[in-house]
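Below: a set of structures, written as structure tokens.
In the two assemblies presented below, chain A is common to both, partnered first by chain B and then by chain C.
And then the complex of A and B:
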């Protein structure tokens, strides 16, 4: 492969930036310098990841840019690499982080430097999650990602931040412990934790069910799937805007990625066996949380619940184990990463001005904030899956694949699309349209330059991939094809 | 040129939507109207080419979704069916654009309005020129979205916002069926392109599926699912509730979207899929029954409504019912013919009513109008033309298309056919009654408006009247001019060619003479009847209402559909949502999950705390207890 360790650089760069911030105490007073340093770091990382995408070879399903270094002799290797499945998540991470950093204008008043350190460290960990090819390394990144998020909620959160932070931590940690046990047992069974080797060897079918369940318990919490989703609304509500964005756009994608990479890749037999379980939970998530979202009074909670419903589509699509289903899921995750990030930012924008997240505080602000209204409308439409936005492509492909597999599941899941339209449009109507009743709103000012830049940056890919998703599909196509083929071979050869 | 037909409205929309502030109100009005008019002229040229030279083309613009075996393109399919739709859509749209310049002259948001109209035109064109089901779905949802924007255009009105959401969500219910239909097509054929799907249809005529526990023929199921979508968009009974509410939008919108174009998309869908529907007797019968019921239901409701636009909305609903039952009895070309003529006279009636509303300064209740026919001579005479055409008065456009539907239903010769013909005639009679009721109450009798004086009512400006004149010309001559092309034997062979598929050749017989003159006679005698009922002897009408109070209330409340849906769907959904949230998530999941566990741990640690009391004798006692228990255990063992 190439000599330049591009993936390690991607992982390390944000941390180096964070380190720089950490030692840069002299400039403590000057907030802007701190912010520019962080922004610069993350932008360099973004450019680097785009370079990665350009030089990525779409015609092979092999892992590329692989780096393999011995960490602990005969036990753990530090091994990273990307294929079609992981590269898009990596780019999503590097794309969202700078936007997050720009968005921190008014929302973070104290300890800005520490906040930025947390964000950058988190970026490092997330990139690590998406490109590690060793189970132990993956586990370390996966769990370490919790810590900055825990701090972001716990330190810069709202009034109930401690409760939310602990709930978040409790849920996610409990699930992960089982995954650790499973990773250790895989090592005992096969003698390696190298993912590519494991793909080759395969794991004996008699162990698969238990191992699958252990991984599932961790991924299900992080997705989050029903019924272990209740941490998400609380975490979102209390987290500062930038935290919510990172949580929704990137953190939730780790589990979906994990399902594809590990559950499907390592345990094909068990994945087939547990498909009914996943279908049931996904469908319940779609319908139940959509109905719950309909009744929310808090905007962030509404979007959080809608995220659970959207992730329900993702898990449904992954376990159809079909080309359209898995591609749909990945596109849905990318789309959700863009759209939910944008929606949380939209809430953040008016929260910064009015300091209320309650829907009934607002109403009739369309003529006060026309630019905001247009962009908010665009993301509302993307969230309800209108054709021409990226939300549609993913959802439609997933449902199409699910229909091939099971009529009932597809029919019920499609019902969620109706409720989705209802709660999103109703939210928009109550916030933006109607008569201006609350006189406090009269002084509201429209988007400032940096807000326009951020939201436009998110709007462009949302529309582009709605009309022309080929760049995404071409990147993932070969890898997914290979995944399904090897999956089928393993199922048959059993 | 073909692509510019679609592209021009989109460009117009972008210019007006994003740069409206910079180029000013007047310029954005001119730009949008001009570009859409050019697109209309191009469409006419395309139709001419299709008629003269059997021009057909399938232009692929770009790839859209290409995932595994699914291959969807952005494309433009031109054949006689889409050419007709192109002309209907762009010409009515161009006229409505021009009309809006006058109608919206007082509105502060003109560029936004024009941008929505152009965007709608773009989406509708995408819908009709698609060569596959997914682009059709794109257009389908796109027009729904523009309809949502335009219904809720006056965003300060709560009713308008509610109506907009209702329109979108009810349409989503239809789209749910439609999407499932597309999934099923992909499941069965592995493709979503029309031509590839239609080719394979004859090979699966005997295939049965088990769908949610029901054993059903695959083709029947496809047709029924697609028809659910068509019912939503074309406001057929059960999914019609959004259309009358949609009248909250500005009147030009009602003319363009809710009369001439978008609502006919459902009919277009069924006609486009004639190669599928022809193989499904069951689906065709259901289409007939639904169409017929809607035609009748909407006509009865229209009889008692008092809002001028709602009457016309129900009338639209009813006429769409006619189109569906034409497709249901296999007369796709006649359905298209009625769609074509209807676009002219219904747009004329809507724009005319807009002119009336304009004259009365936003009054819509026909009980508060009357006696102004001399004050509004142009509007009046144009609306008379529209009404005559709608009711099917001999030799106007509605006469040719509507009577053809009824005749063809009769000629079908089976029970549904006879039944449909009967209901068709009855509905034609009702149509005539309610249409003249509207005309008499609006323009004749005494002047009933208390808010503004009769002198203040005024005729609309030329910019509003000229489009009306164009439409009136269409309403008069569209029938006689295009009759041969659309439903004549010649047109059948050369014009429609492959775009409409008939399994059995259409019957070329003629119904008996008495049947031919029955409908026109009823239509003509209904004019004096409604004159007598609504002008001459109003007491009789009041008497009838008094005697039939329950029936009157039933009709006035639109058969109580809204109340039914509110109680069966809307309120329970909210209640379930609240229950799932407050009880299930917070009490059960959280209660036994994180909160429960942390409470439990806390409880145990408090208990454990008590052991550490610091008193030696307590520790010694516990030790003694443990020691003796251990000893007992060892001895017993």
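And then the complex of A and C:
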């Protein structure tokens, strides 16, 4: 079992599926086969990742399933492995991708095959990001993801797709090139880019601030943090539903993951020093973007701004550098992955029927689409962090840690929770309740089977982890504990 | 006699040129035969170079005027293969303009001979002879489509400006000779250790001349016009082959005769590099003609190659060599695409002509997509690794400013590459292009795309070959 390269298989499988789709050009008309091939590939990947989770040893903080191969002689090794922090993101990726593929119904009319190829290649890159243990390999996957996402937004997006695709690409690239400088500098300072070795060696404190800022420039854009968040609403609004889901559920998590793995792990001194900066930006993000979300008239834009606010909580939690804070952040990220994916799918459902994302198009559809209203309600509540949903667990832990660390920040962040509740509930009220004014809505049909399947698949873990977050916490606990301990040792021994 | 074996490639190629000239005069309608023989000559020369000289650490011949080492063997083979591919994929293009003549392959062969001399030169005179031989052939090639007014203009412009730069170069050479008393690189190296003003002038003049040949900013003005005006197949040749030779000469000058004066030229190189990277990226944004755009993009790519040279380390030289090799592969793919864009024997070269290419020609546009992303330096494609090695060596010398400016200009450059992709993929389609491409054209596009795509699986091979180049 140890010899079987399970992580590499996880990375490669979707690409192989994509290759298969690429060469199988015979059935252009028969769209279903193409879709089933892609679905099958991603499901196999999901099963494989569940197997990974089952055989994952929760009692150790070491990296597991490590593969270490020489890639460039005397320079870079291809090294992958998972620990408690990364495995959950990996499973989130393999879980969301098949749902994305199912969700493509009528929204993608032309070039379905190319779309699926892009989604599958994207999955490969995303899995690669979460399990690479070498900085250069990480950078490779992190950047490579831009290509398929650029095409997904640009080819299949809405009317302002070109602008959004360019903005997405250039913003992210601009942030990332500085990270590349930092990675190469780390190589010249320490002689290695292997993350596990770097954890052991540590980086001289005098370099840490600059390196931290370089990494921060990349992650802050990707997270996205205020004030570099403006690409996200554009990208979300113009991307097709499946693209928005991938973007919100997984791409944004890369940065949160990067903060934990690299910023905290490699630069403890600098992380400590820059905590005020992160706190300030996070709090601004939470309050400011929540207020913006309140005023949105486009549903997708509203959810996009709420994503920025939620990610503000995540960065706040990470940089409390406490057990609860980081655990809360990871759970918040997983939960946001599920909930925002579900919300985008919910918007996609009514967009497919009415071709409008504007809130004032709708109203009073509760009696027309009861099943939809129930599920949408559930996800709305999860997004605002009602106890019993996964959103609550994360926010609660983060705020608890924040209160311990800095009272003022925690109070302001808690205010954000209230505004969050306001905009989500108001959105729900305006879309679902009220009087049915728009007569076009009368012909609306309720969820079809595949939509029910997708939304229930997302609802189950949302509720499950809301009531019983133990499996998540058990998985991440030891790794985070170890991270914080080594962090404290490095701070003290400085 | 043993010496002659080592210069057998040059001897063989010059004998072939004479033979082909005679054949062309005496046999009518011989352009096809001459084209085929020239291809064969290029291949055979590459094989001879590989067999006889590849693996020789360092060998100095003819009283120290010619040098054979890893660098020269590697660069000669790259030059020959690139020239081979250029020649083989341009025949259809030439035929459609009715300029498929015997002179074309012969001129290419003679410019290649000049480049091989430049690559192997270890003496100012030999270097200058090689340079002039290749330049004269290139002037004629630029005007090859002589009925076209733009082509004549390009040739004339190139000739006037190039002659000027050759003059500067020659003046620099004479200054160096005057102060050191020798034209031999090794002798100059031992003599050059004072920092007299005139010597610095000599170095500057030589660097200006070389920067002109490699089209680095601020000596790039000729490039866009010449690239646009020349026939596309000649532009392809311009963007690839002379750059290899010019870069090699750059390496030789900087690291053999001028090595002791590294403080003097390092600043110049850093400036050339930064100016080229930034200017090439910014100026390309406004272009409407694909060939002009390629000209600006090649200017910025030269900037990256020069960044490696500016480091003054072996790593830097190797990374530049890797960069230029990968750049040539990408350029070959790009021009293969350009040569495929024809409809009823009319070739299209405006950016708008790419519009909606992906609907009608999915494979062609996919290849172009890969090539463009690679030119923009997005991982995991080969272009990323090329930049990665360069910046690795730049950062090794703690030249942070150069690295950061260079990487930021890749973001600017990404914009215009993305614009091409946008036009191909997001815009409305136009009429279909012809699909009767020659097998070689398909091959060169397919092979270059595949190499770019799978380079990340085997990155060590190229490094291993290049890592034998030791100049310091």
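Here, the second predicted complex is superposed on the first by the 493 of 494 C-alpha atoms of A that agree within 3 Å, B and C clash if a C-alpha of one lies under 4 Å from a C-alpha of the other, contacts with A are read in each partner's own complex, and residues count from 1 in each chain.
Just so it is clear, a residue touches a chain if its C-beta (ideal position, glycine included) is under 8 Å from a C-beta of that chain, and two chains touch if they have at least 3 such contacts.
What you see is a predicted model, and the numbers here were worked out from it, not measured in a lab.
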Using the touch definition from the top, say if A:491 reaches chain B (first), chain C (second), both or neither. neither
In the superposed arrangement, does A:201 touch chain B (first), chain C (second), both or neither? neither
Go through the superposed model and pick first if A:151 touches only chain B, second if only chain C, both, or neither. second
Once the shared chain is lined up, is A:12 touching chain B (first), chain C (second), both, or neither of them? neither
According to the stated criteria, A:178 is in contact with first (chain B), second (chain C), both, or neither; which is it? second
Is A:170 touching anything from chain B or chain C once the two structures are fitted on A? First, second, both or neither. both
Contacts of A:161 with chain B and chain C, given as first, second, both or neither: second
On chain A, which partner's contacts cover more residues, chain B's or chain C's? B
Identify the partner contact of A:277: answer first if only chain B is touched, second if only chain C is, both if each is, neither if none is. neither
Would you tell me the residues on chain A in contact with chain B in one complex that are also in contact with chain C in the other? 166, 170
Residues of chain C touching chain A in the complex: 373, 378-380, 384, 388, 391-392, 395-396, 400, 403-404, 407-408, 410-411, 414-415, 418, 421-422, 425-426, 456, 459-460, 463-464
The residues of chain B that touch chain A in their complex are 62-70, 74, 134, 137-138, 141-142, 145, 148, 152, 155-156, 158, 161, 164-165, 168-169, 172-173, 175-176, 179-180, 182-184, 186-187, 211-212, 573-574, 576-578, 580-581, 584-586, 589-590, 593-594, 597-598
Using the touch definition from the top, list the residues of chain A that touch chain B in their complex. 166-167, 170-171, 227-228, 230-231, 288, 291-296, 322-324, 327-328, 364, 366, 381, 386-388, 393, 396-397, 399-400, 403-404, 407-408, 410-411, 414-415, 417-419, 421-422, 425-426, 429, 432-435, 467-470, 473, 477, 481
What does chain A use to touch chain C in their complex? 70-73, 136, 139-141, 143-144, 146-147, 150-151, 154-155, 161-162, 165-166, 169-170, 173-174, 177-178, 180-181, 184-185, 187-188
